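Structure below; questions to follow.
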Amino acid sequence: MSDETPNPDKDLSAQNLPGQRGDHGEEVRVQRGMFGAQSGADTSGYGGLVRSVRLPGPASRPYGGWFDEVADELEGALEEQGLVPGNAIERTVVDRGELTFHIEREHLVRVARTLRDDPALRFELCTGVSGVHYPGDKGRELHAVYHLRSLTHGRLIRLEVSAPDADPHVPSLVAVYPTNDWHEREAYDFFGIVFDGHPALTRIMMPDDWQGHPQRKDYPLGGIAVEYKGAQIPAPDQRRSYS
Amino acid sequence: MGLEEKLPSGFLLTTVEQAAGWVRKSSVFPATFGLACCAIEMMTTGAGRYDLARFGMEVFRGSPRQADLMIVAGRVSQKMAPVLRQVYDQMPNPKWVISMGVCASSGGMFNNYAIVQGVDHIVPVDIYLPGCPPRPEMLMDAILKLHQKIQTSKLGVNAAEAAREAEEAALKALPTIEMKGLLR
Amino acid sequence: MTTPSASARETTEGTVYTVTGGDWDEVVRSAAKADDERIVVNMGPQHPSTHGVLRLILEIDGETVTEARCGIGYLHTGIEKNLEYRTWTQGTTFVTRMDYLTSFYNETAYCLGVEKLLGITDQVPDRASVIRVLLMELNRLSSHLVCIATGGMELGATTIMIYGFRDREMILDLYELITGLRMNHAFIRPGGLAQDLPPGAVDAVREFVRTMRKNLPEYDKLATGNPIFKARMQDVGHLDLTGCMALGATGPILRSAGLPHDLRKTDPYCGYETYDFEVPTADSCDAYGRFLVRLEEMRQSLRIVEQCLDRLEPGPVMVGDKKIAWPAQLALGPDGLGNSLDHIKKIMGTSMEALIHHFKLVTEGFRVPPGQAYVAVESPKGELGVHVVSDGGTRPFRVHYRDPSFTNLQAMAAMCEGGQVADVIVAVASIDPVMGGVDR
């Protein structure tokens, strides 16, 4: 965040409010106040502050480097299969030197299979799925993020799929990438994302009879207060925070 | 040992308690209960440089039924807790437990949904060993302290009496939250 | 009840039942007729040779494993969730405890991720990168040593275990000299390192490289040509390239199948492209090949360590940006390691800005612009990837580790099914899973 940093936020005169992105990008949350004060006892003057937290938004062509090549190839290959690329690929994000395709969930398997099989793409290695829970991103709270690596071409891309909390279903990629077996079970265990078509979607980390999905944002950390001589320190999620 | 050469008239007087304690402490068989980082330090303690064999306990038993010491080395998850208790129940009496490292002792930095906040919720602990992970020297110190405890432990009626006294003392003890003084 | 299951007669002691009938005769007869000895064996989670708290569920027909499944999660620590309640810098303290045998890799991967989000990847000083590489390669040595040592122990070869721990102990001494701790260092921080190398560290590492060069051939003498060792390892835990790719196996497992894929070469970080080293492979796809690959990797790591020592130039080990650089200058005081008195005097007495930065960074931490990043490093076990998401706050929004042990352990079933029970141990040991990394 120094002056010479090539920071996407820099030009938005947001020195005093880091993380501000103007009205660009995708809003995932609205934050009120600052310094974590919620009780109204905030004397800092920032108590009434309202700002939206925005993730990087869609990029426009050219994406730069090999990104265009991959995007072209993918769109071409999808068209060959009679799929309108605009329907399958919600948007393409280029941020911090990484290429992200946001995919409509019903087309995920097709896209992944294309990415794996097309000789010009050849993303042979899937590094698993990482769930992210954005409770403020209404209608698309649960995100499943896949990173695909091409050993042939030495490339790395990211696929992102979202599902609402009310209907947490995402198609399983186990048929395309068998390595996703445990990864999807993990994402199910921690986030409650149901991967349709997974051969045995059961809990993997938590005990079988565990209630809830512990790494969702609405699941408490579950720590207990620690007693010292004459003092008590609340659990990490109960303490005052600065977010 | 040469001990027998120094006995003035060929015999030695002691109490049954001391003799039993001496015998017990001299051949403690630890069960392998390695869980996390501390388990690696526990293995290191058994290996060449620190050489736990000097204290007559280099043989870590694979089966709990042959062991009388459980070194809980690492964080105990909610999923592991029933397993740990079962292993403890399978060990024959008398048995002792060393809670190795802060995670086993109190949950440590992992104050969250997954970790049991102290293995003493599940099994009685004789020695709490701090550190993350404790050095092998610290583990050896804990083991030597446990040896001392075993040596001086009581038998039969005396043991019941000692347990009653410990219980009374614990009931009278000041809760941590009411203690005064520095935070340590 | 149509047929009485037991005949009863009255005696002075009460009713006595004679249980003969029912359908038990039939059940016993049919059980005897089925000639297979199919049993299900539960191994672990507390077993001396399952590499930590791994649970194996094996379906056995005689001595042959017909089906093998893993039960994991017995060491699930919730580290990823805990990270969301700590500042970005405090995160290193948590991630270092994931795969506790490859601490420096966890830390580096996490810090590279945070640096990518901050956009300061290019500003990390050279000296910090060189020391990161140095520590990572030492870590590769110590991790492989534990793998070979415990793998040997699980085969019953106790000597190799003593050798492995002997050499690892020397590396731990170096860690202790450099970071102050034997394990779980939290030494690599977003933006650089916690502090510079202490005096004497370079000489100590050089001395170690000399000793290790002498000790490494002992493993060859002890194991490589040993007929018993070979008989136990060769053609055991077979997983070919197709299997590796499908199951996402990386690291020594992939390289033992003949593909020289190494992120240090294909997707370099920390300046690995400037170091001279080779990526060893084997073509046997078995546990023995993995052993040979690991042994050769240790030699290559020693080469890299030497190159690091040669290119260490004096300079800072933390980015210049005072809004990110952790403001501590540690020194040994009367009550242990802490902030140096000179530094405290300076920030308290003469520099208002330094005091403000110190206060803000320690209590609040720095903010990271929203977005996500994926960074992967080649850990001794394979591709260690970190997916870091920020929402612009002072704490991570989500950190996910793609741990190589977790992914590679999936290959256990493919390696073991159809083999002998005794070979399961060899196959699992050749994967080298560390449950701290698997379960996180």
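For clarity, chains are labelled A, B and C in written order, and residue numbers in each chain start from 1.
Simple rule for what comes next: a residue touches a chain if its C-beta (ideal position, glycine included) is under 8 Å from a C-beta of that chain, and two chains touch if they have at least 3 such contacts.
Just so we're clear, the structure is a prediction, and the values are computed from it rather than from any experiment.
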Quick note, more Cb pairs in contact for A-C or B-C? It is A-C
Looking at Cα centroids only, farthest away from chain C lies chain B
Distance between the CA centroids of chain A and chain B (whole Å) is 45
Would you mind pulling out the distance in Å between where the CA atoms of chain A average out and where those of chain C do? 25
Can you check how far apart chain B and chain C are, centre to centre, with Cα atoms defining each centre and the answer in Å? 28
Please set out, as single numbers or ranges, the residues of chain A touching at least two other chains. 205-207, 214, 221-222, 236
If I count partner chains per residue in chain B, which residues reach a count of at least 2? 79, 111-114
Set of chain C residues in contact with two or more other chains: 73, 76, 78, 81-82, 439
In the complex, chain A touches chain C at residues 1-2, 5-9, 18-21, 25, 28-29, 35, 53-56, 95-98, 100, 124-128, 130-133, 145, 147, 149, 151, 154, 156, 158, 177-183, 186, 190, 203-207, 214-215, 221-222, 236-237, 241-243
Which residues of chain B touch chain A in the complex? 78-79, 106-107, 111-114, 117, 175-184
What residues of chain C sit close enough to touch chain A in their complex? 72-73, 76, 78, 80-82, 84-86, 116-120, 123, 245-250, 259, 261, 266-267, 320-321, 323-324, 363-374, 376, 383, 385, 387, 389-395, 397-398, 400, 402, 406-407, 409-410, 439
Contact set on chain B toward chain C in their complex: 32-37, 39-41, 43-44, 47-49, 60, 62, 64, 74-75, 77, 79-80, 83-84, 87, 109-115, 132-133, 135
Enumerate the contact residues on chain C facing chain B in the complex. 45-49, 52-53, 73-79, 81-82, 93-94, 97, 100-101, 146, 150, 161-162, 165-166, 168-169, 172, 182-184, 435-436, 439
